[in-house]
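These notes open a run of structures that come right after.
Next come two complexes, and both contain chain A; in the first it sits with chain B, in the second with chain C.
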Partner chain A sequence: MTIVIDVMFLTFLIIAAFLSIYFKNLLNSTIILGAYSLFVAVLWTTLNAIDVAFTEAAVGAGISTVLFLSLFSKVEWEDRSTPSKDRKIIATSIVLIVGYLLILGITDMPNFGDHSWVTNTYLVPDYLARTLEETGSPNIVTAILGSYRGYDTNGETTVIFIAGLCVYLILRKGEDK
Partner chain B sequence: MIIDFIIGKYNYLAAIILMLIGLYSVIINGNLIKKVIGLNILSTAIILFYISVSKVKDGSAPIYARDVIRYDNPLPHVLMLTAIVVGVSITAVALAIIIKIREYYGTIEEDEMAEIDINEEIVDKK
Partner chain C sequence: MKGHIVLKMATRMMVPFILMFSLYVLAHGEISPGGGFQGGVIFASGFILYGMVFGVEEIYRKIKRKILIFMTAFGVMIYSGVGYITMFNGGLFLEYAKLPGLNMKSGNSMGLLFIEIGVFITVSSVMLLLFIEVSKKYDN
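Entry: the complex of A and B
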């Protein structure tokens, strides 16, 4: 049953991604990108990644759509580009080569959902066994995010701060000239 | 054999297709906003790949509960939370730079910008 839902949402995702780069009206593309993010959030709920799902629903579907829409108050929303034939040939060949290499890469991997794979047996049982008594948090993702990998989260906060600072410095009208 | 391959790894294949759609959009579009949309799709595809790796059969969400056979791998979830936030930061800075480019050139198409640059060089030489 899960496989049917998974395949349905993956098909939705591929159609939405294709449409959002196909439309020449950029408002259409942006709205479809928001729908795409929402599909992704639902897909992650079915894949049991709940924390990622609500972060994506808030940040991916919410904030980035708002950022794109606020951009259109200053920039026209019409895509007037007509890619040349050389560029299409180059892009298609690069995409085919990269796709071939990636598919070659996943042939070595175990099947989807294999619990004896090394990523699921090394270090993770340790986290699962010790998290509750060491941190007291029943949610393992939150415990790792806030406690075991606290430095990562600290760096993430720094990234957001620097991004905000960059946006401010780029968009500031030059008063000091 | 090919059918076994597709059924066993359909999630990874979908992630690869999404990744290629994003890459194609980044390469081929002369419009800068389309390029940023392509980058967004690309980063989502990579996150989809990691989350697919973390899912195990019969696994439940990584929150302590009774009667659980096994938990999903929580580590990729943590890493991908960081990746989502970094992706949005990239989008914000890229869009700010696009506004600045629009103020300077009056357009956000690569071809027109290249033409303006060439004309300015000719004027400078004269």
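Entry: the complex of A and C
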């Protein structure tokens, strides 16, 4: 039963990714990208990555779609560029080469849920055993993000702060002195 | 569509629940999926819904722009402040076990809550600031 759902949502994912590039109207592409994020969120849920699914649904399907849509009040949202034939050939060949390399990479990936794979044998059981006892937090993702990797999250928050401030300064350029 | 009575009433009813849900996600980040980042984004989206229906300038009437910019830095300050408190208390940077008056387990859960609040404040105010500044009309 799960395989049916997986195949269905992966098919939707490919269709959404294709359509978001196919449309010349950027308004359509933005809506399709929101749907793409929603399908990815569902797939994360079937993989039991609830935290990632939550973030994907909130940021990918929610905030970024709204930001794109509100951006269209300031910029042109019709793509009128007509690429030349040479550029199309170059782009297609690059896509094919990179796609071939990615498929080569997939063959090295572990099977889904493989217990004997190297990342599942020494680090994951260690965290699973230690986290509740050391931090008292049943949600291991939060414990790792906040406690074991607290420096990284501190840096992340600082990056969000600085990025937001920079965008604000650019947008308000020349408005009030 | 803007200013439609059904849209206005539905937004008035929904926004408090969205904001409350964001605080729930923040407070329960330790025991269930979620945390500061997701909660902050949901908090911002509640205000964004309000702004989309009632006009973007209405948000600045609820939260002043200066306060919003101050909040973006304030969240980072809370996060780093927890680290400095543990440092001055004899531990390492962000060593929650050294928070004053707490042992390893309770210190960790309190420290996690404090840093999540810091992330929440920064993320929500940055998202809100970006949305308002991108979508409002130039007034000059």
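Here is the rule we use: the second predicted complex is superposed on the first by the 174 of 177 C-alpha atoms of A that agree within 3 Å, B and C clash if a C-alpha of one lies under 4 Å from a C-alpha of the other, contacts with A are read in each partner's own complex, and residues count from 1 in each chain.
One rule holds for everything that comes next: a contact is a pair of C-beta atoms (placed from the backbone, for glycine too) under 8 Å apart; a residue touches a chain by one contact, two chains touch by 3 or more.
Please read all numbers here as calculations on a predicted model, not as lab measurements.
Participant: Looking at the overlay on chain A, is there a clash between chain B and chain C, or do the two fit?
Facilitator: On the superposed model, which is not a single observed complex, chain B and chain C fit side by side.
Participant: Please indicate which partner A:Ile14 is in contact with in the superposed arrangement: first for chain B, second for chain C, both, or neither.
Facilitator: In the superposition, A:Ile14 touches chain B alone.
Participant: Looking at A:Leu145 after the superposition, I want to know if it touches chain B, chain C, both of them or none. Which is it: first, second, both, neither?
Facilitator: In the superposed model, A:Leu145 contacts both chain B and chain C.
Participant: Is A:Thr158 contacted by the first partner chain B, the second partner chain C, both or neither?
Facilitator: A:Thr158 sits against chain C, while chain B stays out of touch.
Participant: First (chain B), second (chain C), both or neither: which does A:Val98 touch?
Facilitator: So A:Val98 only meets chain B here.
Participant: Kindly classify A:Arg172 by the partners it touches after superposition: chain B alone (first), chain C alone (second), both, or neither?
Facilitator: It touches chain C, and chain B stays clear.
Participant: Just to be sure I read the superposition right, which of the two partners does A:Ala61 touch: chain B = first, chain C = second, or both, or neither?
Facilitator: neither
Participant: What's your read, chain B or chain C touching more residues of chain A?
Facilitator: B
Participant: Looking at the overlay, what does A:Thr135 touch: chain B (first), chain C (second), both, or neither?
Facilitator: A:Thr135: touches chain C, not chain B.
Participant: Based on the superposed arrangement, let me know which partner A:Gly113 touches: chain B (first), chain C (second), both, or neither?
Facilitator: In the superposition, A:Gly113 touches chain B alone.
Participant: According to the stated criteria, A:Ala41 is in contact with first (chain B), second (chain C), both, or neither; which is it?
Facilitator: After superposing on A, A:Ala41 lies clear of both chain B and chain C.
Participant: Quick one: minimum Cα-Cα distance, chain B versus chain C, in the superposed arrangement, integer Å.
Facilitator: After superposing on chain A, chain B and chain C come no closer than 8 Å at C-alpha.
Participant: Quick check on my understanding: which residues of chain A belong to both its chain B contact set and its chain C contact set?
Facilitator: On chain A, the residues that contact chain B in one structure and chain C in the other are 50-51, 55, 59, 63, 67, 71, 74, 138-139, 141, 145, 153, 160, 163-164, 167, 171.
Participant: Quick check on the complex: what are the chain A residues that touch chain C?
Facilitator: That would be residues 50-51, 53-55, 58-59, 62-63, 66-67, 70-71, 73-74, 134-139, 141-143, 145-147, 150-151, 153-154, 157-158, 160-161, 163-165, 167-168, 171-172, 175 of chain A.
Participant: Can you name the residues of chain B that touch chain A in the complex?
Facilitator: 5, 8-14, 16-25, 27-31, 33-34, 37-38, 40-41, 44, 47-48, 51-64, 70-82, 84-93, 95-100, 102, 108-111
Participant: Where on chain C does chain A make contact in their complex?
Facilitator: It is residues 25, 29-35, 37-38, 41-42, 44-45, 48, 52, 69, 72-73, 75-76, 79-80, 83, 93-94, 96, 104-106, 108-109, 111-112, 115-116, 118-119, 122-123, 125-127, 129-131, 133-135, 137-138, 140 of chain C that touch chain A.
Participant: Mind pulling up the chain A residues that touch chain B in the complex?
Facilitator: Residues of chain A touching chain B: 3, 6-7, 10, 13-14, 17-18, 20-21, 26, 29-30, 33, 36-37, 40, 43-44, 47-52, 55-56, 59-60, 63-64, 67-68, 71, 74-76, 79-83, 87-88, 90-92, 94-95, 98-99, 102-103, 106-107, 109, 111-115, 119-120, 123-124, 127-128, 132, 138-141, 144-145, 149, 152-153, 155-156, 159-160, 162-164, 166-167, 170-171.
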